[in-house]
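In the two assemblies presented below, chain A is common to both, partnered first by chain B and then by chain C.
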Partner chain A sequence: MELVALFISAILINNFVLHYFLGICPFLGVSKKIDSAFSMGLAVTFVMTITAVITWVINHWILLPNNLEYLQIVSFILVIASLVQLVEMFIRKVSPPLYQAMGIYLPLITTNCAIMGLALLAALKNYSFVETVVFGVGSGIGFTLAIILMAGIREQLDLSDVPEPLKGAGIALIVAGIMALAFLGFSGMIK
Partner chain B sequence: MDVLIPIITMSALGFLFSLGLVFAYKKLRVQEDPRVLLVMEILPQVNCGACGYSGCRTFAEAIVKGDAPANGCPVGGEEVAHQLVKTLGLEAVEVIKKVARVHCRGTTSAAKESGLYRGIFTCYASHLVGGQKQCSYGCLGFGDCVEVCPFDAIYMGEEGLPLVREDKCTGCGKCVDACPRNIIELHNIKQNILIFCRSLDRGPTARKACKNACIACGICVRACPEAIVLENNLAKIVHYKKIPQDKIPDIEKCPTKAIGLIHKEKKKQEDDR
Partner chain C sequence: MPPRTIGEEFTKGLWHENPIFRQLLGMCPTLAVTNAVINGIAMGLATTFVLIFSSIVVSSIKKLIPNQVRIASYIVVIATFVTMADRFLAAFFPLISKDLGPYVPLIVVNCIILGRQEAFSSKNSVGRSFIDALGMSAGFILALLILSSIREILGAGTFLGHQFLGSWFEPWVIMILPPGAFITLGILIALTFVIEHKIKQRR
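So, the complex of A and B:
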């Protein structure tokens, strides 16, 4: 039961984008079309899940027994960077158009603070292995949900009459703010 | 000794991950067509986008795939097209060199101003508020086209009109897009007759705004009816090739000199330089 609660809270309540405000860069950068937003969400979810698993292993098997907690950030970055390289190679091989569509934002998953935040949060909250995996998958789905919602809204925005100075980034930030407000409504659903 | 543990740990982790990546690279490497690189070397590499692709690289990929023609690069012109044909073994293609030409002679002395313009010094900004000249079709003279040219082939002449150095012009079309009044057009370099006006105003209005405007009197049309027509108070060359050379003196009788031989312009430009 607790795992379900953790899963749902990672998706809706403690959503990385709309609650912690992490990973805003790809959230704004790749949310122009629903399908590329969806693939970006999938890529981030994949990297998040694997990162959660590997960082847990590194943290609990290597760092903690040797009192090397201070190496958490460095070693987590190493994990994330390698994983993103892997994902990049994979996407380039499997779907070149997708690779083109994601462009610079794909390697930028490396510096996506949502993923680093996930690894550090899981370590901070002392989650067990299963909890970490659930947390990782949940957060990834949460990110995907947020970016797809955003992309859907922005596709509509393209067709609507936006005041000239707000076009582009301005209205996108306002929309993101209103979405964050809306997601606030979920807090209190689970204690 | 305590110092060694973190060092060893990090090195081991790094080594492990790099091993993983090396393995993944072997499995997932994308084989690139080596011809793309060959083509890239031939192309001018200015990424101007005149070919219709987003840059030289995408154009190279399209050529190798066979989607783009060998003469698709207007900047490289004949030379590049021939090299591409030779390198890739394609069929030979004809290349027409195109250059930008300015369809306006509204010099500072000829075209009257409608008021004092104190806004941002670009044609685009001036055009938004109607322009500072009485003629609402003519060159505004702030040099947006000069600004945008990647080849230094267009410059602002002393008369307040942009002049094209045809030897440097590659026909990329950037100035064509930059001009808010659509005065600049690409023409076959061999075409030597040009209409130096874009005004659609009726004769008297056009004449009042600019001494060199086309007043749609029809002298050129009478000299060569199968090649030149009048359209919306403006002469227009529809079939350049149908203009016989012996009719050119008749065409040049134009009272406002709004149509004429381009080489006279060019000679004037050289004197300016």
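So, the complex of A and C:
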């Protein structure tokens, strides 16, 4: 039951983009078309889940037993960078259509703070292994949801008459603000 | 393009290439920590420390780094300084460190820092990289200060924790919640566009 609550709160309440402000760069950069937003969300969810597993193992089996917590930042970022590279090669070999769909978004994920944020938050909150995995999948889905909604709104926005200075980043941020406001409504769901 | 003077190298970070308002880099920490002025200042100073020292180190070892592994090398350099900043804050300012949570370690993926190494320090002398890092940090702190002042004053009626507006003022709680961050930054970016446009017209 607690795992279900964690899953739902990772998607709706503690949404990575709208609550933690993580992954803003792809959220603003890759949200002009719904299909590219979907591919980006897919790639992020995929990498997030794997990152959650690997960083948990490193943190709990290598760093914590040896009192090396201060190496968390360095080791997490290196693991994420090499992991993305490996995942990219693996997908290219195993499933070319999937590789086509994720395409250029995979390498971009290395510098996505959402991935690093996930690893750090899971370590900070002392989640168990299962909790970490659930948190990773839920956060990925939450990111996908936010970026697809944003892309849908921005496709409509192209047709509307936006004041000159607000064009581009300005209006995108204000839209994100209104979305965050709407998502605040979910916060009463789980106490 | 003629080479910039030292002064221009510094001031470009404040306005023309301001990392937040003009280049739209490093948005995540900007939005996340500006709910109070003190957090904004702490974040700005921590980022400044990391940016300046990473720029010095990267620009002095740029000839030793093979081109293929340069990004990974930059990240290791940056991560080292981020760890130092994180430990320092945790040891001397535990309350602020707790407030900032995962956002101090996250300086490691702040695109401003990696961006400056790739775009500037890897091609310029140590002195110029230092000035550039100083200017960019000043621009970043300036943006954080503006954003966090607006949010704290309107959202809590206080400035640096002291009562700023009278008791008649009903705080707009929304300003210190996430939506306030997005909307305020959106309006500020629009404002900088307007000002930039006015400056261009006058020339």
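Everything that follows uses one rule, which is that the second predicted complex is superposed on the first by the 171 of 191 C-alpha atoms of A that agree within 3 Å, B and C clash if a C-alpha of one lies under 4 Å from a C-alpha of the other, contacts with A are read in each partner's own complex, and residues count from 1 in each chain.
Operating definition for what follows: a residue touches a chain if its C-beta (ideal position, glycine included) is under 8 Å from a C-beta of that chain, and two chains touch if they have at least 3 such contacts.
The model shown is predicted, which means the values in this text are computed figures rather than measured ones.
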Q) Does chain B (first) or chain C (second) touch A:L121, or do both, or does neither? A) second
(Q) Going by the contact rule set out at the top, does A:V4 touch chain B (first), chain C (second), both, or neither? (A) neither
Q: Examine A:V79 and indicate which partner it touches, taking first as chain B and second as chain C; both and neither are also allowed.
A: first
Q. Just chain B (first), just chain C (second), both, or neither: which does A:M189 touch?
A. neither
(Q) Under the stated touch criterion, which partner chain does A:N66 make contact with: chain B (first), chain C (second), both, or neither? (A) first
Q | Superposition-derived comparison: chain B or chain C, residues of chain A touched | A | C
Q: Mind working out whether A:A172 is in touch with chain B, chain C, both or neither, as first, second, both or neither?
A: second
Q: Tell me which partner A:V57 touches in the superposition: chain B (first), chain C (second), both or neither.
A: neither
Q. Is A:M89 contacted by the first partner chain B, the second partner chain C, both or neither?
A. first
**Q.** Residues of chain A contacting chain B in one complex and chain C in the other
**A.** 71, 74, 78
Q. Which of the residues in chain A end up touching chain C in this complex?
A. 18-25, 28, 70-74, 77-78, 81, 111-113, 116-117, 120-121, 124, 163-166, 169-174, 176-178, 180-181, 184
Q | Residue ranges of chain A touching chain B (in the complex, touch as defined) | A | 58, 62-63, 66, 68, 71, 74-75, 78-79, 82, 85-86, 89-90, 92-93, 96
**Q.** Residue numbers on chain B that touch chain A, as the complex places them
**A.** 5-6, 9-10, 13-14, 17-18, 20-21, 24-25, 28-30
Q. Which positions of chain C touch chain A when the two form their complex?
A. 24, 27-29, 31-32, 71-72, 75-76, 79-80, 82-83, 86-87, 101-102, 105-106, 108-111, 114, 174, 177-183, 185-187, 189-191, 193-194, 197
